[in-house]
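In the part that follows, the structures are each spelled out as structure tokens.
Same chain, two partners: chain A is paired with chain B first, then with chain C.
Our next item is the complex of A and B:
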């Protein structure tokens, strides 16, 4: 892709809304060392979002978009869920797939891009919620891992179908009660990170988004490994503060609790992934 | 324009339903008739020069400097606006903005009627908008407003616009500007 698509023609500059000019002038394009530390100074790729006030998912979005090493050549595939409300407002190429088939769509996009642009690095990143990744889309998700597709899958785990009123999902914890699951969940939470390892992912991480720098590291590692080796998976705890009865300023606290309990930081990598990560660290890119 | 139905919406979702199709190469569409390109251009210029608040909605294909043709077209759009005494309002991208766009400074294909109502635009030119979003926006404008739409398309044209010319590249846009200058003179403006 040409950077010229971000350059506004001089003759029409005076008619442009300021946020579009800022995207050209202040966003961090073409700099693989970009990261969350740019957030206070650079123009973000997320213009506004329509998530609830204080939603941890919005934090995750900001950190992930700030950490993509190659945003100008990154395609994001998303699925139905709270996250899908945000995608129309980010300044990247995004594809909204049907509910659950996001990894199948991403696989196709990645293969076509490799065929069409053999000399260019194009990253394909799947961003989807727990319903899309683990319930409705588990088949497509795991099959893409089995096929060793070179894509990064990021799951926003809020442990519930939040925007449809609070139904239990595969990632809901056993015993949790929600508005539409009044008896409490009868079965255990699906250990998706373990399934990802068993299915052939080369880099897997489970974490909350309480630490921006840690999210940046995980995203960069996952994308670099996916580029060269094979599928990678990031499992992020982004609690739905409304559905668990928290106030809008308590998302961070909830995630910090998660850090100590079931979402304690867990990282897995294969020897091939380790070699890539080591090399990228030496190059100063992670 | 389509006749309004009993609930005051257009009973026809698209012009195609009424048998209106895009013009063949070298021709233009004037309301529901296929005419010579020059005839369509002349009528487009006349409408732009005589109706209230003429506006050029310029899309991403011309806003951004992604090719030499885009750079050339941007200059021509400025010149066109001067000749037609028209305002330029950009369609900067197609993202549905939340909670809504500022209709004074931009137009969005997902609710183009907001910009048209807010600025009381009675005639507009679409140029540099990707076909699929021009199709969406023109249908909404056709059904919801009394604005006369003109589409200058680099490809096949748009049947949902009241006047459309196709295969418009810099030489064709220059031709339109020259015709507009003549019409302006004829109208004594």
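Our next item is the complex of A and C:
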């Protein structure tokens, strides 16, 4: 297991910052049953974060990182946006290369890791915002689905370009006034979860991050299916409380509203995915 | 082992591993008659390449097809067609980040489509090899020979070598991996040729046996961490440099850009060794008339030099093999007797002339003239170079064009 790479060199131990020592001592490695229930006790793989106070995206990061079944052998590929501010604070191998090319980079990484390490499980997970996934990166996103790349793609949908100051995106709802749509958005929100199904994803889920346990379930299902079958897609509503005029403590409330309306829980799986999920449940891993 | 210690085990394709010096300088060679595209295939076959991603565009498509054949034959580990050049250059970046020796090919508009990736490759310190088969960049659409696109690449942080012919391309592809993967270099290498003239024409080239190959890439020589979860992650910091407005952030980003350029500079001794010099000289060593040229323009300038000699005019060609790093000292040395320096080029902007002027400013008294400029698919008959040279010297033009 590669979590040996997190073991601290004894001769350097006294110079190591506490968060590095805690990674060795208190993070959950080598345990595929790890999950969000560990959050109060275990060392998280996210060392603080640089998002706004109360940002639901930070909840999503914490739940996802706590749920990875194989963090010691998981590569995370990122794109530009609010999410990219968080990546240097993640204790795993992460990549940020350009805005919108995340699924292309992930494809290259996954194929080479399969070639270099045919007998090891190495999971590749893409984490990016709605602008990166659906607008500037849509081609690379969908093409990786068409090619049946064995990667999990997670889209943080905050329905806006938040990091650049609140511009309308492909996932903004029709009529909403944002910068660059000063008369209100003129066309519909892109149904990305449906595009993912039509483009060949084997497991697709649309949800908010109001329930940590449900996020854990979705992440584990998506990663196990990607490992064995093909591309999987998770669409998470992580509202930008800043841009929709909510307070720091109102993110959860906003997501719970989403649960009842536009982001009501929706799950799709192909028969092959269903077989993997059933087996993993029997093994007690989901 | 065996053969007096020449072989160092076998690679994943079952080829005998030999040293780069043995491959490039010592191995017995056999004469073959092939296109530049086929020469790419033969070089890749001997380079222990792990991965390649392709996309169709004329004139590089055939080379990309042939790398696909090598994948079928088991000489390349990963191969597929990407969605666009932007996607392809990101996919090969992923391959390289994950520890693969990677090669890809493109041309003209494809190069520009992919452009955002090249500085990213350099900043990420990925020793990817891009075989650039230059073609026109223009509207209305042109697919014709023209090397304008090289000018767009000069400041991307990639090494750039320009081959004159298929033989040089074959050797540069092999040498390119060796130099680019040195720990103190570790930046991308662009091996450029003039499309069609080299990719589509056949010539005799000398190649070593197909059962030997370069040592495989050891990704752990990289100065930045390989993204394979086999070594500790490279960054885990509370206060990341991204988008932070403070002097530590500015200094980090500035020094890294300098470092990428410094890495290219550090390739000089390796490139000099494996390319047998960053420049090549042809003709009269004391000539007052010197052509500085790269790629196929160097071949045409050599022909013009022969024609000028018939008129009793001594001339010399200095071929620039490496554009990045640029051979400032070598060129000054090679032109110290020059009164006139003529730079013929296959593009309208004269990027090599600009390079020479910037390099020579305040250091050379020679008059630098950029001519002829041939572009859009036209050929560069040596008679044109010869005519322009005679005009510059104030002599009568006796040849009938």
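Note that in this section the second predicted complex is superposed on the first by the 282 of 286 C-alpha atoms of A that agree within 3 Å, B and C clash if a C-alpha of one lies under 4 Å from a C-alpha of the other, contacts with A are read in each partner's own complex, and residues count from 1 in each chain.
Following the convention adopted for this analysis, a residue touches a chain if its C-beta (ideal position, glycine included) is under 8 Å from a C-beta of that chain, and two chains touch if they have at least 3 such contacts.
Computed from a prediction, not measured in an experiment: that's the story for all the values here.
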**Asked** Touch check for A:104: first (chain B), second (chain C), both, or neither?
**Response** second
**Request:** Using the superposition on chain A described above, determine whether A:139 touches chain B (first), chain C (second), both, or neither.
**Result:** second
**Request:** Classify the contacts of A:68 with the two partner chains as first (chain B alone), second (chain C alone), both, or neither.
**Result:** neither
**Asked** Does chain B (first) or chain C (second) touch A:16, or do both, or does neither?
**Response** first
**Asked** So, does A:222 touch the first partner chain B, the second partner chain C, both, or neither?
**Response** neither
**Request:** Kindly classify A:93 by the partners it touches after superposition: chain B alone (first), chain C alone (second), both, or neither?
**Result:** second
**Asked** Between chain B (first) and chain C (second), which does A:201 come into contact with in this model arrangement: first, second, both, or neither?
**Response** neither
**Asked** In this superposed model, does chain C or chain B come into contact with more residues of chain A?
**Response** C
**Message:** Applying the document's definition of touch, where does A:5 land relative to chain B and chain C: first, second, both, or neither?
**Reply:** both
**Prompt:** Between chain B (first) and chain C (second), which, if any, makes contact with A:122: first, second, both or neither?
**Reply:** second
**chain B/chain C common contact set on chain A** = 2, 5-6, 20, 47-48, 50, 88-89
**Request:** Please name which positions on chain A make contact with chain B in the complex.
**Result:** 2, 4-12, 15-17, 20, 47-50, 88-89
**Complete:** Listed in rising order, the residues of chain C that touch chain A in the complex are 50-51, 53, 77-78, 80, 82-84, 86-88, 90-100, 116-117, 120, 124, 225, 227-233, 235-238, 240-243
**Prompt:** In their shared complex, at which residues does chain B touch chain A?
**Reply:** 58, 62-67, 70-71, 74-75, 77-78, 88-90, 92-93, 95-98, 102, 105-106
**chain A - residues contacting chain C, complex** = 2, 5-6, 19-20, 47-48, 50, 72-75, 77, 84-85, 87-98, 101, 104-113, 115-117, 122, 139-140, 143, 147
